[in-house]
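Next come two complexes, and both contain subunit A; in the first it sits with subunit B, in the second with subunit C.
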Partner chain A sequence: MADKVVIRAEDVGKHFGKLHALRGINLEVNRGEIFGLIGPDGAGKTTLFRLITTLLTPDSGSLTVLGLDVVTQYRELRRQIGYMPGRFSLYHDLTVEENLNFYATVFGTTVKENYTLIADIYSHIEPFRRRPAGKLSGGMKQKLALSCALIHRPALLVLDEPTTGVDAVSRVEFWELLRGLREHGITTVVSTPYMDEAMRCDRVALIQSGQLLSIDTPTAIMEGFTGKLYSVRAEENYSLIMALRANPHVHTAHPFGSSVHVTFNTEGYHATLPQYLHEKGIENVTIEPISPGIEDRFLELMEREP
Partner chain B sequence: MRTVLYLIRKEFKQIFRDVFLGKAIIAIPIVQLLIFVPAVTLEIKRVNLCIIDRDMTSYSRGLLEGIQASGVFRIKQLTLAEDEAYSLLNSNKSDMVIHIPLGFGKDIGRGNPVKIMVSVNAINAMSAQLSWVYLNGIISGMNMDIALENIGSLLPTNLKQVDVTHRIWYNEMLNYKHFMLPGILTILITVIGMILGGINLVKEKEIGTIEQINVTPIKKHQFIIAKMLPFLAISLMDLAFGLVLGRIFFKMPFVGSIGLLFLSATLFLIAILGLTLLISIYSHSQQQFLFVAFFFLIIFILMGGIFTPTDSMPLWAKRINLFNPMVYQMRITRMVMLKGSGLIDIGKDLLALLTIGITLSVLAVRGYRKAV
Partner chain C sequence: MRRLLGFITKEFIHIFRDLRTLIVLFGIPVTQILLFGYVITMEINDSSIAILDLSKDEVSLNLSDRLCSSGFFRQKENLNGYDDIERVLRSGKVKAVVVFGEGFGCDLITRGKASMSIIADGTEPNYATLVCNYITAIVNDFSREQNEVETGTVFLLQPEVRMFFNPELKDQFMFVPGVMAYVLIIICALMTSITITREKEFGTMEALLVSPLRAGHIIVGKVVPYMVLSFVTLVVILWVSWLVFELPIRGSLGLLIGISMLYILLGLSLGIFISTISKNMQQAIFISLMSLLLPTIILSGFIFPVENMPKAYDVASYLVPSKYYLIAIKNIMIKGLGIGYVWKETLAMCFMSAIFILLSIKNFKERLQ
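This part shows the complex of A and B:
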C-alpha cells in the first residue's frame, strides 16, 4: 500500500455483445483524493465502477485497484472497497440499525469498532435507527447507504451517482461529508451528472460514449477551454437558440438555464449579433463575455469527438 | 460460519417481519390439508344408472337388485325408450346405460349365452373405468350363481373352483384420505419452499441488494446456503405441522420412523431448493421465475404419482421420472407412513434424492457468479 496510485487502468475495454461500453480507458487515481467521473447518462460511468468493484471483469487491458488485480485477486479486494450503487440497495424491510449491523457482520467487523469513521454521517440518522430503511427520506437513505459502505473502513470508496434524486441542501451536506472522509485517508471515486459537483472534486475525468475525454483538476479542465465564450440572453430562449444555430458565424450555442452560451467562428462577430437577432425578430438581447465553466469545456470536448 | 448464521438470521427476520408471509406459512398448510384431503378422492359413489329393461323377468330383476345392493350404483331411470336413455347419457344426467334385451331370462333358463349392453359416459375416464370394474364384479357374481344353479341341479357335489380371498395391506380400509395425505403433504412442502425461496432471491435482484452483497467478501456457497436453509427449515416445519393435523383430523397412521421421513424430506427439499435457486439465479424478474418454476412444479406434481401410479406410465415417462424428485419423495412418504419401511427399503430412493440435490445445488452455486 506504499503505492501512491490506488486505481490504475491500462487500456481497459468492456463490451456487452456488440455494444462497446468502454474503450481504451487509461486512468490513475491517487491515494486520498476525491476523483470525479463526469459524463452524461449512458457514457459508461456505472460500467467502469462495476469493473473497479469487481462486479464485472474487463474484456481487455489491465485494471489494478489498491495494487490488486480485479480479476485474480477480487476476493482480497472486496474487503477493502466500499461501494454505493446508484440505486438505493439496502434492505427496505430491515431497520437502519439492522442494515448497518448486517454489513458490519458480513465484513467481519462490528459497528462499534468503526463507529468513529461514520459518526459524522450516522449521527444524522441515528434518531431513526429503529425505522425500516425503506421509510427513510431520500437524503437519509443516502446517508445510511454511505454509512453501510464505510462500516468496514474501506481504503477506497466508490460512489455511483450518490446525489441523484437528492435535494440541493442534502447534496451540499453530502459533499461536506466526503471532504471529511479524506482526513481519514480514504480515497473516493464518485460519479455525477451534475457539473457543479465536479468542481468539488480534486480531479475529474470527463467520459463520453465509453471513452475518457480528459483527466485533470477541475480548474485545469476549465482553462483548457479554447475559444471566447459569451452569454446571450433574450426574452424567448427557444427562438434565440434556433436563430443562433442558424447563423453560420456562430460556432456553438448551448442553453444554460435562462441564458445561452455561445462561441463564434468569426472573431468580433458578437458586436453585430444584436443586429442579426433584431432582424429575426428577437428583442431585448444582452451579450456579455463570460469565463467558461467546466460544463462549457465538456461540451467543447464532446463536440470534438464525433 | 458466523457469516452464514448471520445471513440466515437476516432472512428469518425479513420473512417474519412480513405480516402476511408470517401468517401464510402457518395458514396455507391448514387450509390445503383440510380442503384437499377430504375432497380429492377416487372412491366411486352414486353412479347414476339408466336401465332399459326389455326383459322384465325374475333374472333381469335379480341383476338389477344385485346392482342396487352394491351401494355404488343408483338406478335413476327405468325406461323402455332407447332415445330417452341416451339423451340422459348425453346430458350427463346419467353415467351409464344398461340395456337388458328381450329374451334375457328365457335364454338363461335354456342355458344359452346371453348378452347385455352397457354404455358408459367416459368424459371422466377414470371414474368410467372404475364403475365398469364394479359392474363387472356384480355380473360375474351373478354368472357364478347361474352356473351353480345349473350345475347344482345335475351334480350335488361341491363345485371345483379357485376361490380368491384377498386382504388389503398397509391401508386396510382402502382409505383414500390416508393415500392422499402423504402426497398432498409432499406437494405442499414443495410449493412453499419453491415459491418462498425463489421469490426471495429474485426480489434481492429486483431491489438491487444483490449488487451490494456481491461486493462483500461473502462467498458463493455461503450465499446459496443462507438462501436455502431458512426455506428448508420452514418447509420441514410445515411438514411437521401437516403430520400433526393429519393425525388429529384424519387419524392418519404413522407406522414408520419419523426421523427417517424427515431425513428424506431434507434431501428432497435440498433438491427442490437447489432447482429453485438455479431458476431464480437466471431469472431477471419475479414473473420470469414464477413462469419457469410452475413449468417444473406442474411436471413434478402430475408425473409424481399422486393420482396415478408411476409404475404404469410409459417407459419414456418413467425415464423422465428418474429426474423427478417428487416421485421418490411421494413414494418414500407413503412407504414410511403406511408401511413402516426402513432405511434399507428406501435406501435407493434416498440415494437418488441425494444425487439430484447435490447436482442442482452445485449448479446453483456455480451459476450464481456467472449470472448475477
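This part shows the complex of A and C:
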C-alpha cells in the first residue's frame, strides 16, 4: 500500500428514488491528512461517508478506499476503517469500559493492545469508566465514541459530525485530539456544519446539494474569494439587511452575527452607502473593509450554483 | 469465536440491566400459568342444581338424594316441566339441571335402561364440564351399587349430557400446554425482534455493520442469550405447573424439553426474521403481535378446536407453528407418547425454523437499505 491516495472517488453518484443525494463526486484524500467535508444539513455529507464506509453502494462512478473497492472488497475494507456515525454508536446501558471492550472484541483486538493510540483521548473519561454511557455528557460521549472507533487502530478514521451537539470547549479539545492522531499516521475524514472548524483541517471540500463546490486548503479556498468584502453594522440588523438587499448596487448581503457582510456591484459604492441607509431611516452605520473568511467564500460559491 | 463470545456477553448485559426485559422473560409466563391455572382448578363445592323429576319413583328420588347429599351439589329448585329448564338456566341461579325421564325407575328395573339427562349452563364451559363430570361420577357409583344389591338385573345408567348455550364444548381444557405454546413463541419472537431493531434505532447497528462482524455473528449472538434464558423460563413454567397444579408429565421429560427448545428456536428465528423486515421497534412489536397473538390463540387448537372451523381456517392452521408444538407436547405430557408419535410435528418445526433462519440470513442487510 505505497499509494499516497487513501480515498479516490471518480464521478460517484448516489440517488434515493428521485432524490439525487450525490452527483459527480470527484475526490482524492491523501494519507495522513485531516480532510474536512463542509456543508449545510442535507448537503450529502452523511451519504458520502456511508459510501466510504461501505454502508451504501454508489449508483455510478467508482470509489476505492485504502486501495479497495467499496462494492466488491467491502469485507476487507471494514477491518481497516474506524467509523463514528452522526449519532454516537454507544450502548447506553453499558458502562464506558464495557463499550470500549465490546468494540475491541468485535474487531478482534484488546484495549490493552492499542491503548497507546487512545490514551490521550481515553484518559479524559477513564475516571468515569464504571458509569453507563447513557449518563455521560455530550463531550464525554464524543470522546468515548472516538475511542471506540479507534480501538482497532484503523488506517482511516471517518467521523460524521463529531462536534454537533457538543459544547465549545469540548469542540476545541476534540480538534486538538484529532491533530494528535496524525502523528500515528491515521488519515481522518471529518464532516462538520461549522465553518470555523474548517480552518483546522489540512484540506476541505465544500459540499452543497450533493455536489462538491471546491476542494483545497482552507487558506486557498478563502483566497478564492473574488470580490471586495465589507462589514456593515447598524443598530437594527433586520431592517439593515432588508434595506441592503433592496439596493440594486448591493450584490450580496449576508448576516454574520451582529454585522452584515456585503459585496457591491458598483465599485466604490460603499462610500455612498451610509447616505442611502440614512434615507431609509437607519442610523449609526459603520462600514469597514474586511478579509473574507471561509464561510464568505462558501456563500459565494453557493450563489454561483443554480 | 472470541468476537461471538464478546457479542453474547454484551447481549446478556443488556438483558440483565433491563428490568422490563426480565419481567417479560420470567414474570409474564409465570403470571399466565397461574392465571389460567386458577381459572381451571376451581373446585366444585355446594354448587346449585335443579332437578326435573318426571317420574318421582323410588329410584329417582334415591338418586336425587344421593346427588344433593354428596356435598358437591345443593338442590335449588324442583322443576315441574321442560319449560322451566331454560328459565332457571337463564336466570343463572343453577349451574345444571338433572332430568329423570318418565317411568325412570320402572324402565331401569324392567329394561335395565332408563333415560336421564344433565343439562348444564355452557356459558362457563370449564365449570360446566366439571359439574357434568361430577354428576356422572355420582350416577355411575349409584348404578354400580344398585347392581351389587339387585343381582340378576344389570342396570345401565348412562346420563345424556347436553350443554346449553355452548354446545361445542371441549372435553378437556389442557391449559399448561396451551399457555406454553403461546407464551414461549410470543416472548421469543418479540424479544429478538425488538433487540435487533433497537440497534437499528439507536444507530449502533451502523457501527456493527462497519465492523468485521458478519450477519451470522449478529444473528447467533442475538439468539444464544435468549435461547438460554427461554430454557430457564421453560423450566420455571414446568416447575410452577408441577408445584401449584400438580401437573403430570407422563412422557419423557427429556423429550418434552428437547421439543420445547426446538420450538423456542423456531420462535427466536421468527423474531429475527421479523426484525429483518421491520425498520423500527414499533413496527417489530406490531408485526410480532399481529402475526402471532391471534393466530396462535385461534388456530393452534389451544382454545377452539380447528376441526369445527371453516375449511380455510383449517388450511391456515398448518402455517401456525404453535399448532405443531401443541399437538406434540399434549401427546408427550398428557398421553405419555414417545418420539415415534410426534416425529411429524418435530419435523415440521425443524423445517419452519430452517426456513426462517435462511430467510433471515438472506434478508439481513450487511449494508444500510
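By definition in this document, the second predicted complex is superposed on the first by the 306 of 306 C-alpha atoms of A that agree within 3 Å, B and C clash if a C-alpha of one lies under 4 Å from a C-alpha of the other, contacts with A are read in each partner's own complex, and residues count from 1 in each chain.
The rule is short, and it goes like this: a contact is a pair of C-beta atoms (placed from the backbone, for glycine too) under 8 Å apart; a residue touches a chain by one contact, two chains touch by 3 or more.
Nothing here was measured: the structure is a model prediction, and the numbers come from that model.
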Quick one: on subunit A, after the overlay, do subunit B and subunit C clash, or do they fit? Just give me the call. clash
Tell me which partner touches more residues of subunit A in the superposed arrangement, subunit B or subunit C. C
With both complexes overlaid on chain A, does A:R129 touch subunit B (first), subunit C (second), both or neither? neither
Using the superposition on chain A described above, determine whether A:Y83 touches subunit B (first), subunit C (second), both, or neither. both
Which superposed partner A:D93 touches (first subunit B, second subunit C, both, neither): both
May I ask you to decide whether A:F107 touches subunit B, subunit C, both, or neither, giving the answer as first, second, both or neither? both
Of the partners subunit B and subunit C, which touch A:T53 in the superposed model: first, second, both, neither? both
What is the shared patch of subunit A, the residues that subunit B and subunit C both contact? 53-55, 75, 78-79, 81, 83, 85, 87-94, 98, 102-103, 105-108, 148
Subunit A residues touching subunit C - in the complex, by the definition given at the top: 50, 53-57, 74-75, 78-79, 81, 83-94, 98, 101-103, 105-108, 148-149
Which residues of subunit A touch subunit B once you look at their complex with the stated criterion? 53-55, 75, 78-79, 81, 83, 85, 87-94, 98, 102-103, 105-108, 148
Quick check: in the complex, which residue numbers of subunit C touch subunit A? 2-3, 5-7, 9-10, 13-14, 17-18, 202-204, 206-213, 366-369
Subunit B residues within the subunit A interface of the complex: 2-3, 6-7, 10, 13-14, 17-18, 207-218
